[in-house]
Each structure stands twice: as C-alpha cells, then as structure tokens.
Amino acid sequence: MTNTNSHAPELLVHSWFNTEKPLLLAGLRGRVVVLVAFQVLCANSVAGGIPQAQRVYETFAPEDVAVIGLHATFEHHRAFNPAVLKAFIQEYRLRFPIALDQPNDAGPIPLTMERYAMRGTPSLVLIDRLGLVRKHAFGPVDDLRLGAEIGALTQVAAEAALPRSSAA
Amino acid sequence: MTNTNSHAPELLVHSWFNTEKPLLLAGLRGRVVVLVAFQVLCANSVAGGIPQAQRVYETFAPEDVAVIGLHATFEHHRAFNPAVLKAFIQEYRLRFPIALDQPNDAGPIPLTMERYAMRGTPSLVLIDRLGLVRKHAFGPVDDLRLGAEIGALTQVAAEAALPRSSAA
Amino acid sequence: MTNTNSHAPELLVHSWFNTEKPLLLAGLRGRVVVLVAFQVLCANSVAGGIPQAQRVYETFAPEDVAVIGLHATFEHHRAFNPAVLKAFIQEYRLRFPIALDQPNDAGPIPLTMERYAMRGTPSLVLIDRLGLVRKHAFGPVDDLRLGAEIGALTQVAAEAALPRSSAA
Amino acid sequence: MTNTNSHAPELLVHSWFNTEKPLLLAGLRGRVVVLVAFQVLCANSVAGGIPQAQRVYETFAPEDVAVIGLHATFEHHRAFNPAVLKAFIQEYRLRFPIALDQPNDAGPIPLTMERYAMRGTPSLVLIDRLGLVRKHAFGPVDDLRLGAEIGALTQVAAEAALPRSSAA
C-alpha cells in the first residue's frame, strides 16, 4: 500500500465516466479526495465499497470532498470490457466520476492499482487537501469512522492547504 | 408471465455452469424447481434474487428441491459475454446450476425469458413436482412466504407427482 | 426442551393481550401454532424473535396458522410488571395474541417456560394441527426454513388432523 | 428544540449508570459531547439511537468525545421504574454513561428533555468543546454524516475551546 502521509500518486486512466473531462488529482488540490477502487464482479465492492462511495458523494459538499471511483481489474481480464463498466454505472445509478484504470502491458495489475500498491478491491484511499495520503484501507470501512476522518480533514482550511502562489 | 398452473416450458440454454451435464425440466419431474432469472449487472438481482437462490439451495434437500439460475440478458448485450457470467459465479461463490439463456436471433429478449414472458430480472418461477408453474414473480420475494410455498409443494409426495408408467 | 413429536403442554397464563378472550392450545387444534417466547428486555427477542413472529402473523392465513407470543421473564423480576409488556406491545405495534407467562411461586422460571423446558428467549415452538411439537428452537431461526416448516405443516389437511367426533 | 449554537443546558438527572460519579456538562468542557436521548420501550431508540450511541462510544477516543445516554420517559410512566433501565443496560451490554432524566412534578416531560425541548426519542444533541449545541436531531441520524460532524468538531483544538483562565 502507499504509505500514509506520502504524496498520492497521480491517476493513470484508460477512460472516464460521469465527468465531462478527465480529472487529475493535481487539479483537485484543496479538496479532500475519496478514491474508491472497485471491480464490477467483486462481491465486496458491489455490496460495500460502491454504495459507500455513493453515500460519501451524497453527504459532502463537492467543493470540500471529491469522490472518485477507480475500476481496477486485476483478474477476469477476458470477461471485462469497458461496456461492462458503463452498463454497471447505469444499472447502479452511480453519479460520481469513475475512472477505468489503465491496463498494464507488463502484467495483470493495472497501472494506478500498481502504483498505489493496492491489495485488492474494494480499497479506499483518503487524500487530504494537500494531496497527502491519510488513509489506505483494503476491505470494509466503517461509515462512522470514515465520516469522522473525512470530517476532520475538511476542517483544515482550503486556503491553508493550497500552496501559496507567491503573492509577494 | 406464464400463467400459474400452466405447464412450465422447457429451458432453452446456450451453456451451463455448475453442472456436469445440461439439465432439462423434464428430467427434474418429481422435484420442486426454483428457477431464478437474473442478470449480473442488475442491482436487484445481485442484492436480492441471487443470494436468495443460494439460500434456497442451501436450505432444501436436493432430492426435494432443485434450484436453477437463469442468466437472462435483455439489454447491455454489447457488455455481456459468457466469461462475465463465469467470473461472476466464481466471485459470488455460487454453487447451484446456472443456465445462460439462449440468445434470440429475432430480438433482444433471449428465448427462455421470452417463452416464460418474464418482465425483467430478478424473476422467480416456482414449479411443482408435476412440472406446473405455481408462482411467477418479478422483483423481491419474501423469504418466509417463499419458504412456505416451497415447503407446501414438497409435501406432495413425489410418487403422487410422477406419472404412473403403467399401472396396468 | 420439550421433545419433538411430544404433545404440546397447555399454556399457563397470567394475562392476555391482543385477544378478547384467553386462548387454549386445545382450542386451536386444527391449526398450526407458532409459539414465540420473548422478553421485552432481551436484545435477541426484540431484534429477532418478535419481528419474526409479526412477519409470520402477517404472512399466513389465521385459519391455518395461529401466532402466540409468550412473555417469559426468568430474570429481572424486579424490573418487570405487566404495564411494561403492555407499553411494549403498543410501541412495537404488535397485533398477534400475547400471553404473559404465569409466575412461579417456587422459582424464577415462569410456569409455561418451565413445562416447555425452554432454555431462554427467544424460543420458538412449532405445533402441528394435531397439537404435537414439531420444532423447538432457542435463538435465531431462519425465515426461509421456518417458512418451509410452517408451509409443510399447513399442507396436512385440517380435517385429517382433527379427532373424529365419533369413532363409533 | 434547543437552538443550534446556543449554550447546552446542564443535565438534570435522577440517577446515573455506567459511571462512578455523576457527570456535568460543565465538567466535560473541552470534549465533544454526544447526548443521545432514548426510551427502553421506543422501537426506534432500541433499533437506531442506542446502537449508534454505542458505536460512537467505541469509535472515538474518550478524551475527545464523551457519549451520554439520557433515558427520557415522557409516557408509559406506570410501566417504567429505574430497575427496567438497569436491566436494559445489562441486557444490551451498554458501556457508556447513562443518565435517568429527572422526573417532572409539573407534568409528564422529564426535566432535561423539557429544557432541551426534545420532540421525542431518539433525539441526538451534539455539543462542541465550548459547550455549544451544534446539532439537535429527532429520529434517525446517518452514521456517515454524524461521523463527519463529530470529526469536524474534534478538530477544534481542545485548548482553543477552553476558556482562558487568565488573559491577563
């Protein structure tokens, strides 16, 4: 896993859903980012990670918290194609931006999953307004605790979190 | 929907999973059959119909009750291929026999779904030991009521249900 | 516990709720009886046994299945009084007949609980149309299996279950 | 209801459970306080407010967040006595401090419930480190949102929240 308090690596994405233009973590600096890695055929993602991501998306103000789904297929490559993800997003009525992780020519683990050293799906990465990884969990995450962690991170003023452009 | 008390039409199947050889309803005469139509990308199937089918499979003796899953894709045809279903069965650890409904050259509704006039997924068809449809439901089915209906049908003696081969 | 297939002992009741007149198992012969012992301060009764009894009551026809709650306090005697049970029934909007078990001058276990040799609450006793105990469970009972057991017992014709009024 | 951002009125308590000595909100200044009003015979308290209070108690560090249960009986007075509450706490294995609201000689609403103008049970009052009411809710409260609100309030440094003892 990425170490907590390390800089969150940028996303490497094959294609995006639910967003008009590609997102970069760099462009979300100043917001807390909740990155939820999932897989459409993973039972724990479908029953846990995905609906939790949707709840986070519906609970927090978008100027404070950005939710990003990351579809990371590390097996069943023959089964998967982007149309499966598109249909899944439609059937589950997901509204938050979702990235299809960039396939890896060198192996089964796609590139973002690899650089975050995720152990599987669902995984949740919590990134603060400065772009630092503050939590990296594999498996179920408790709503109350997650809420507390996001709520605490949002309290750091956005201005304080942003690099000074050098007003001098 | 098929009418209750009508003869259950035979299944038309592209391919089978979790069974060594293809099943025919005709070959299950004498058993109660619980046929659960689902779709891997249908949220209500995944959260409701599929785990219920698995519970039925685990609750009743196989000589009394046969559970059959029917994967019936009537949309998202571009997204689907048999490898998706195979991966789904593996990920969700499903143990009961599952049929992939026969695609329909004449339209989007596959053949078994069409001849049962199913309204969508999940659908549940309950067939008695004689091969008659005794329930045909679209959407959520209550466990207690379903248990009662299956329990009642199993009480009809298997011998009584089977055609006499020739009492003469 | 009472042995399965033994005759269900008659209820010994301090007072009744949700019924105009006291009930006797003898008077329910010909019906399947689901007897659910509970305690208002028992977490598993409140979360499990009680709502399940209510579901059974709502699922089956009253001429086939009678549901009886039995409030059996074997501890917390100082805390309990009949007004607590009355308030509980009102707050939880229970509709099925509920008996307050007869206190026992000789010890903490009330009389019906004692003669059924119940191990605690919640307990569920399933009695067939003839008055025989067919299931006696302590703790959680699965809806699907319970439905199947009730459904099977209801299939025995009521007439067959009743004693002939004149064997002569 | 008490107005948000008003000073949280002190608790008026008949008796305490799960604490060696009585608590005062004044004595908890510097901590976030989650006050959960409930009633042992109220279905929504038992299924929702009480287990949520227990989860909050288990999730946050006691030096940051104090959880207090307030048993507020505004009806069923004949049914209730302190032994009922004691047995309930034992049966539900509650660990956090619980106050029995002070009965009101002038009417059915006990004194703390009255001065907070609570609408019923369950009610949740969130008090910040300075002793100000920051949330006052009647009915179900979402875990994710509650976590966020508590998490945000804990971020205000305890020192900043405490009155300076001598600004001189």
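As written, the chains take the letters A, B, C and D, and residue 1 is the first residue of each chain.
Here is the rule we use: a contact is a pair of C-beta atoms (placed from the backbone, for glycine too) under 8 Å apart; a residue touches a chain by one contact, two chains touch by 3 or more.
Note that the structure is predicted; figures quoted are calculated from it, not measured.
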Set of chains adjacent to chain B and to chain C: none
Per Cα centroids, the chain farthest from chain C: A
Chain copies touching (chain A, chain B) - same or different residues, decided at half shared: same
Centroid spacing, where centroids are CA-atom means, of chain A and chain D in whole angstrom: 35
Chain centre separation in whole Å, for chain D relative to chain B (CA means): 51
Sites on chain D at which at least two other chains make contact: none
Touch-based graph of the chains, sorted into line, ring, star, complete or other: ring
Pairwise chain contacts under the document criterion: A-B, A-D, B-C, C-D
Residue ranges of chain A touching chain B (in the complex, touch as defined): 40-43, 46-47, 75-76, 78-81, 83-84, 86-88, 91-92
Chain D-touching residues of chain A, taken from the complex the two chains share: 52, 55-56, 59-60, 142-152, 154-156
